Amino acid sequence: MTLLEITDLRGGYGPSMVLHGISLRVDEGEIVVVLGANGAGKTTTMRAIAGLISSKGAITLDGHSIIGMRPDKVVAAGIALVPQGRGTFAKLSVDDNLLIGAAKRRDRAGVKDDLERWYEVFPRLAERKKQPAGTLSGGEQQMLAIARALMNRPRLLLCDEPSLGLAPLVVREVFSLLTRINSEQQTAMLIVEQNAELALEIASRAYLLEAGTVVSEGTAASLRDSDAVRRAYLGY
Amino acid sequence: MQLFLEYLFAGISNGAIYAALALALVMVFRGTGTINFAQGEMALFTTYIAWGLTTKNVPVVLCLLIATAAGFVLGAVTERVLIRPIERKSLLATLIVLLGLFLALNSLDGILWGNQNYTMPSLFPNAVSSFITVGGARLYWANLGLWIVVAVLVGAMFQLFNHTRLGLHMRATASNRESASLSGIPVGRILMLGWGFSAAIGAIAGVLLTPLSPDSLGVGEMFPILIQASAAALFGGLDSPGGAVIAGLLMGVVEALLSGYVPAIGGQLQEAIAFVAIVLVLLVRPQGLFGSKEVERV
Amino acid sequence: MTMTSDSPSRAPLPLQIGQGSPVHRSLQVLGLAVLVALAILGSRTNSFQVGLLTQALIYAIAIAGLNLVTGYTGMLSIGHSAFFGIGAYTTGILVAQHNWNPLVTFIVSFLICFIFGLIVGLPALRIRGINLALVTLALAVAFPELIDRFPGLTGGTLGLNVNLTQLLPPHWTGIGIQNRFEYYYWIAAVVLALVLVLCANLTRGRSGLAMRATRDRETAATAVGVNLAWIKVFTFGISAAVTGVAGSVFAMYLGSLSADSSFTLTLSITLITGLVIGGVATIVGPIVGGLAVIYIPHWTENLRQGQTEGLFFGTILIILMFVMPDGLMGLLKRLSRHVVRIKPRAPEVAMAVSEELLAHRDRSADPDPEGKGDTTLAVS
């Protein structure tokens, strides 16, 4: 069952176009990864889905168009983006960061339960509940960003470069957590990654972007063996 | 001692007003990243409204409430209509629009209410004899009332910031606007509310301050106060509400004591002193006393 | 002729003209000739008009100074009324109390205001945008108070009066005492011409590029090796100096100075309004702006006395930022681009730098185009 469907997406920043007609889809409960070199349009695609930049084409969630919606409406529709750079509210406490993540929810008790739940999943965050989030390490902030995005109970989680700036061991930890969340909650995920090897391990399908278009797509296994992806490993 | 206390009382009253307006400036700054040059003129405009109502025999309390509501609407509409479309262009464009608003509102005051000064009736007993004696010094009810109202107002704002969902969303928006919108916060509405609250605080400050001295409601009333309040806001750190309140109070007290005991720097030169204070603070500590360091990103 | 078009029979718009080509040169000469002709025409009007035009020219000089710092470098200065005032008082004091030749005092004004500009610009080394605007705001407010504080030097609230005989045109000009405003008019015109040449030179080439880089994206400019702090402080100095000279001409023209009426915050806002009307970061914009801020109030005076002018300027300032943020000259430039286009001769160095800048801007635009938020605060 298709959850997110993007057709012929075009967009960019002001007059400079970055996306030249991207089409991709994410099925329910599925992990899909988008690979590509710097400047291929990965982040721009994510920002377009999240409503941060205006774009043309079609983006639908469950068949309902979400293109042109404000970011907070996109969240309400069921999509949460973990932005590149993690978007930490640095001066606010870890607790507050997570509560902000529940901005769209009205059920106080449910929010409280979720808070407990994520503290169980991320025990290191629980130890630092009252600390300013800016004092956390990079890996902890990445976990916080993921937990924050999940507080709104999205059906689709967008992750933009979750491995950026993290030590290899921490990256592995982040990815195994994503897998765990996916299998426990059936949250579909669209992950943009430069670390192709690891990303392909947890994904079922993958897309390869070059200069704002999809140049290759298929199952994770088939892309792992393709020449195009080998080139992407090198990142040009 | 008696003289000292009298200076001190006057200083706290001025300081409370500076603190309130500085808090209003900080609220706008945290949301929009700009200094609202028109903050003082918005306050003045709503004070005129309150005064106009008192001349129609409306009870002063009701005038205060109406002026506060008018201030809220004025602030919110300003954000929605003038600031939101322009702020993404550049800070310069935003500042110029606010300067324009400053000039337009000030002139509008003059056109609507003329250039003469008026005396505003007080919310509190305001006769020559309505004072209590503290340590030999006279503490007028109008002053005491002003302190209490400002204290309650500031307390309520901090309660709002730190212990409500709306406050959390305001802090999130101030901290990282994009991230806030990605978390599902309707950032535009939050900013609009911030401007509304800010102008409402200004309105209350204006209605409380003006009765303290006769003939003080005039087109030039608020501008010097805005200067002092922005000095206080800078001094405390533009993004720190607590800093703004402390710095505002401090500024009022220091100013009153200085002009009381050192007549040479009193009166006319007070704004120049604020200027020197601003420059010195900015040179030594660009982020102010309690503000957080601005990080430039490449 | 270096017109490039596919069909020689009918040249499509826009016409392409190479920079420095004979056509371009002759257009420039023509433009200059028109300006000179207009200037001569202006001097031939009645003495009331000459007076108004002189004021407009003086404001144009001051706006040209402001343009350097606010238009080209993007730092809002609300304090230029003070520089204008410092220049005016320098001339006033030197002429009235020390019997100097007024024209010589222009140089002193330039230097003094340059130094004051550097001092006010100094905080720019450490602070950005909004705080600098506040420093200049405070300067505008403090200046009249300071003038009133030193009545021995400045005449205080009573004002400073210069004896008319010290301001008369010299004999060789052949201009009599009754036509002396024509003399001031030409002084203002010549100073304005010199200032515009100075501005044109400053804003071209490397220094101009660095100024604009500062305005458009401070951090990126730092990254490509432009010494940002120095550019800011220097620009502030020059800008203040130019506006100071405008004050000097003003002192000469008016002959009596009063800080409370002439050099207040209102003047600063007037200058900013003129700049926005004329067009920020254009060379000719300040002339248009100067004319506008003098003639608009003159025309609206008949409508209603008093505050109408402020309401009008305030409203116009807001409306312009929405519908015409690059002012009349910017609008003209855009429109003319449909008719004539100047093909630049690529200066190698400047091009290289600007390309580097652009490339950088694109990259930095990707993750966070607004640069908002404090995520980089992360202590990880």
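Things to note:
Residue numbering begins at 1 within each chain, and the chains themselves are lettered A, B and C in the order written.
Methods note: a contact is a pair of C-beta atoms (placed from the backbone, for glycine too) under 8 Å apart; a residue touches a chain by one contact, two chains touch by 3 or more.
Small disclaimer: the values here were computed from a predicted structure and weren't measured.
The chains that touch both chain A and chain C are B. Chains B-C form the pair joined by the most contacting C-beta pairs.
Averaged C-alpha coordinates give centres for chain A and chain C that are 49 Å from one another.
Mean C-alpha position of chain A lies 42 Å from that of chain B. Measuring from the averaged C-alpha position of chain B to that of chain C gives a distance of 33 Å.
Multi-chain contact residues of chain B (touching two or more other chains): 175-176, 178-179, 292. Contact of a single residue of chain C with at least two other chains is seen at positions 368, 373-377. Residue positions of chain A with contacts to 2 or more other chains are 87-88, 90-91. By the touch criterion stated above, chain B contacts chain A in their complex at residues 168-169, 171-172, 175-176, 178-188, 292.
Chain A meets chain B in the complex at residues 50, 52, 70-72, 75-76, 80-81, 83, 87-92, 96, 99-101, 103-104, 148-149, 152. The touching residues of chain C, counted against chain B in their complex, run 70, 74, 76, 78, 122-123, 126-131, 133-135, 137-139, 141-142, 145-146, 148-149, 218-220, 222-223, 265, 269, 272-273, 276, 304, 306-311, 313-318, 321-322, 325, 364, 368, 370-377. Interface of chain B with chain C (complex): residues 29, 33-35, 37, 82, 85-86, 88-93, 95-97, 99-111, 115, 175-179, 223-224, 227, 230-231, 234, 238, 268-269, 271-272, 274-275, 278-279, 282-283, 286, 292-298.
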